[in-house]
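Below are structures written as structure tokens.
Paired with subunit B in one complex and with subunit C in the other, subunit A is shared by the two complexes that follow.
And now, the complex of A and B:
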């Protein structure tokens, strides 16, 4: 579904990604792991076009994404939830969700919106409040709901667990798992928290200093003691 | 009593005009975080367009519409040609650029339209209504000014609250990166924001010009008051701009009527200082204090 081939990117003279290649399998969760500065966020930003590759490319169902403008990605079926959640706090909950539905080729219908409110009842209670009042967990739910309204094929999630209580993280991860099963969604999940990410992921990719260290089934990575100690910190 | 009424009505009309100018500033600030110093000369150019049409014998309203339309166009062109290249640079670059534009447009107007004073017509009466045997300070044109600004404010609220374009413009203003990721064409929204703002600026220019003399610098005295009104309201809030304009218009009118017209500019400054001391973000801000 999402093919990463020799992806290389830099911030000015600093190389952020160096020849990364792997395939995120369709209808599965792929965890991207590694220490701070390993290039996880850069990987997502390069896939969605916020950062342009200097070499290589990402392919979504065989379409080369390296020349697609960021604004077109949602329409192609790629949703990227950036780090720090990307809630537009000045807008209401409902307006944030409406925005998600605008990016797709066929505009979102009221029924789609209701589905999100059923998934996240807490958002329904506050639909006309500004998103500013939401808690961290609720914000994460809002951005996931907003991304779903664009009916993506591939969802890129950057550190959804950041700053959230373990109980909330577990909730959100369960939800991701069920979305993959119900919608056939392909998820690329960047996580600092390797242990819980590997517990829901089917596949895993480990980065270090912008380079790919290993990619394999999540269970294999979780069972590799050396790898866990060297790169995953658990 | 009559003086009080006269002063209040004068202030109301003045305030609405400040409000329109402030509204134009707010629209650009909201979408690009740029204070557009060229707002006044941009409006002035479009008022000259109206004047040329009216002087050629066409109706006031044709000139009025042409000014608004050319405002729309000029706003879009300025954003595309001048602002776009510096959009990803520090905001101060764009601000300095608008200052440069201020000078360029002034010079351009003087070259094209001449710098002599020319009278600009008004579509409605300029003498006060009679109530009983008392002449009040509200003129036909004053009523028109108030209604026009209220109508524009209402349309803007409807646009931003209830339409998809409005929502996309707001999203682009608040968070460009997220908006782009959601499929919003942010650059197009910025162009539309400038176009809209310049049109509102044109309206304020037309209202100031009505029944007055027009020359390349005729808008400049309003600039300061428009800025104060916008900052009073919080720079981010269209409704704040209108309230700011009204507060300023009314207070300045009372200062001028009861204390003396020579302290008006000083009073504007005092009002601004007091408001910013009490509410650093302006009256209608809910965001934390701005970095200026």
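And now, the complex of A and C:
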């Protein structure tokens, strides 16, 4: 579904990604793991065009993404939920969600909105409140909901667990798992929290200093003691 | 409220049209009950309000700072003056107003495309240059634009149908200055209804999203450049219309009317009233128009000389601005709205 081939990117003279290649198969969750500065966020930013590759490219169903403008990505079926949430706090919850449907020809249908509210009942309670009243977990739910309203084929999630209580993280991860099963969504999940990410992921990719260290089944990675100690910290 | 009234109120368009109708009634009542001199001042308030309304959309909703809106008003005013150079061949006033708006819009689009690549202080700097350069154009093309003296504007006579309608509603004859005040306020109401609808629409949400978090907006599928240019174009079109009304009210388009002070006054009106609020823009325009008069009057009554009283006005205006920024950083309307919301949350 999402093919990463020899992806290389840099911030000025600093190389952030160095020849990374892997495939995120359709209808599966691929976890991207690694320490701080390993290039996880840069990987997502380069896929969605916020950062342009200096070499290589990402392909969405064989379409080269390296020259697609960022705002067209949503239309092609690639949704990126950036780190730090990206909630527009002055808009209401509902208005935030509607932004997600902007790129669709049919806009966000009421039925789709209702589905998001069913997935996240807490958002439904506050749909006409401005988003700055939401807690961290609710904000994460809001941006995931907004990304889903764009009806993506591939969802890129950057650290959805950041700053959230373990119980909320578990809730969000369960929901991601069920979305993959019900919608056939493809997810690329960047996480510091390697243990919980591997518990829902089908595949895992480990990055270190911009290079791909290993790409394997999530269960294999979780069972590899040496790897866990060296890169994943548990 | 009855259920029917509530349903009307919950429809954005119906609510704005109702408010506009109420506004029109208020305008008629005020203009009919005040002197010709006050009518003239209300015309000033109208064009300042239109320009401030456009600026508050740009700065408040889209987060772009323009120090050059006076220049766009100049473009609208000069377009009006060129079209209304003599009584005999003058096109209808509606055509003149639309032409002034359109010409400014086209020039605004050009500037907007360039400005959309800039952020924060850089866009402020670019528009600042515009505010200084545009009046200079009038000096350079002395033949067509009248140089320092400017161009006089031949305000067309009040059309018979307008005089008839006005007489039918108010029972008063209509003078030329009252006519201009009506033109100004009708323009303001139409502009504000359009701006209010726009800011409550998908376009307005897009603008606020771009202002608050451009990365999230872009990832949601918003073309940042297009959103920024559109906000700039809408805002400059308002400034052009405001310039046209100014030309009618002052009967002159001259470089001295469009100095940097005008651009800064507009910005201060927007900040005083409350960024992003149309009502705030109107309050700011009222302060700009009436505060100096009132303060000067008080000064004269207190026994100051003419000159001293006139110098009191900028001092009081400056102090008012400082007090608002320190005590009510959300602006007058913004702060009132927050206080009202708090009260409602408590009860």
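In the analysis below, the second predicted complex is superposed on the first by the 233 of 234 C-alpha atoms of A that agree within 3 Å, B and C clash if a C-alpha of one lies under 4 Å from a C-alpha of the other, contacts with A are read in each partner's own complex, and residues count from 1 in each chain.
Note that a contact is a pair of C-beta atoms (placed from the backbone, for glycine too) under 8 Å apart; a residue touches a chain by one contact, two chains touch by 3 or more.
Computed from a prediction, not measured in an experiment: that's the story for all the values here.
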Partner chain in contact with A:74 - subunit B first, subunit C second, else both or neither: both
Subunit B versus subunit C as contact partner of A:142, first or second or both or neither: neither
Which of subunit B and subunit C A:50 touches, first, second, both or neither: both
Contacts of A:86 with subunit B and subunit C, given as first, second, both or neither: both
First, second, both or neither for A:222, with subunit B first and subunit C second: neither
First, second, both or neither for A:98, with subunit B first and subunit C second: both
Contact residues common to both interfaces of subunit A (with subunit B and with subunit C): 48, 50, 70-75, 79-82, 86, 88-91, 95, 98-100, 102-103, 146, 150
Residues of subunit A touching subunit B in the complex: 48, 50, 70-75, 79-82, 86, 88-91, 95, 98-100, 102-104, 130, 132, 146, 150
Touch list for subunit C against partner subunit A, complex: 202, 205-206, 208-209, 212-213, 215-224
Subunit A partner contacts - residues on subunit B that touch it in the complex: 164, 167-168, 170-171, 174-175, 177-186, 286-287
Subunit A - residues contacting subunit C, complex: 48, 50, 69-75, 79-82, 86-91, 95, 98-100, 102-103, 143, 146, 150
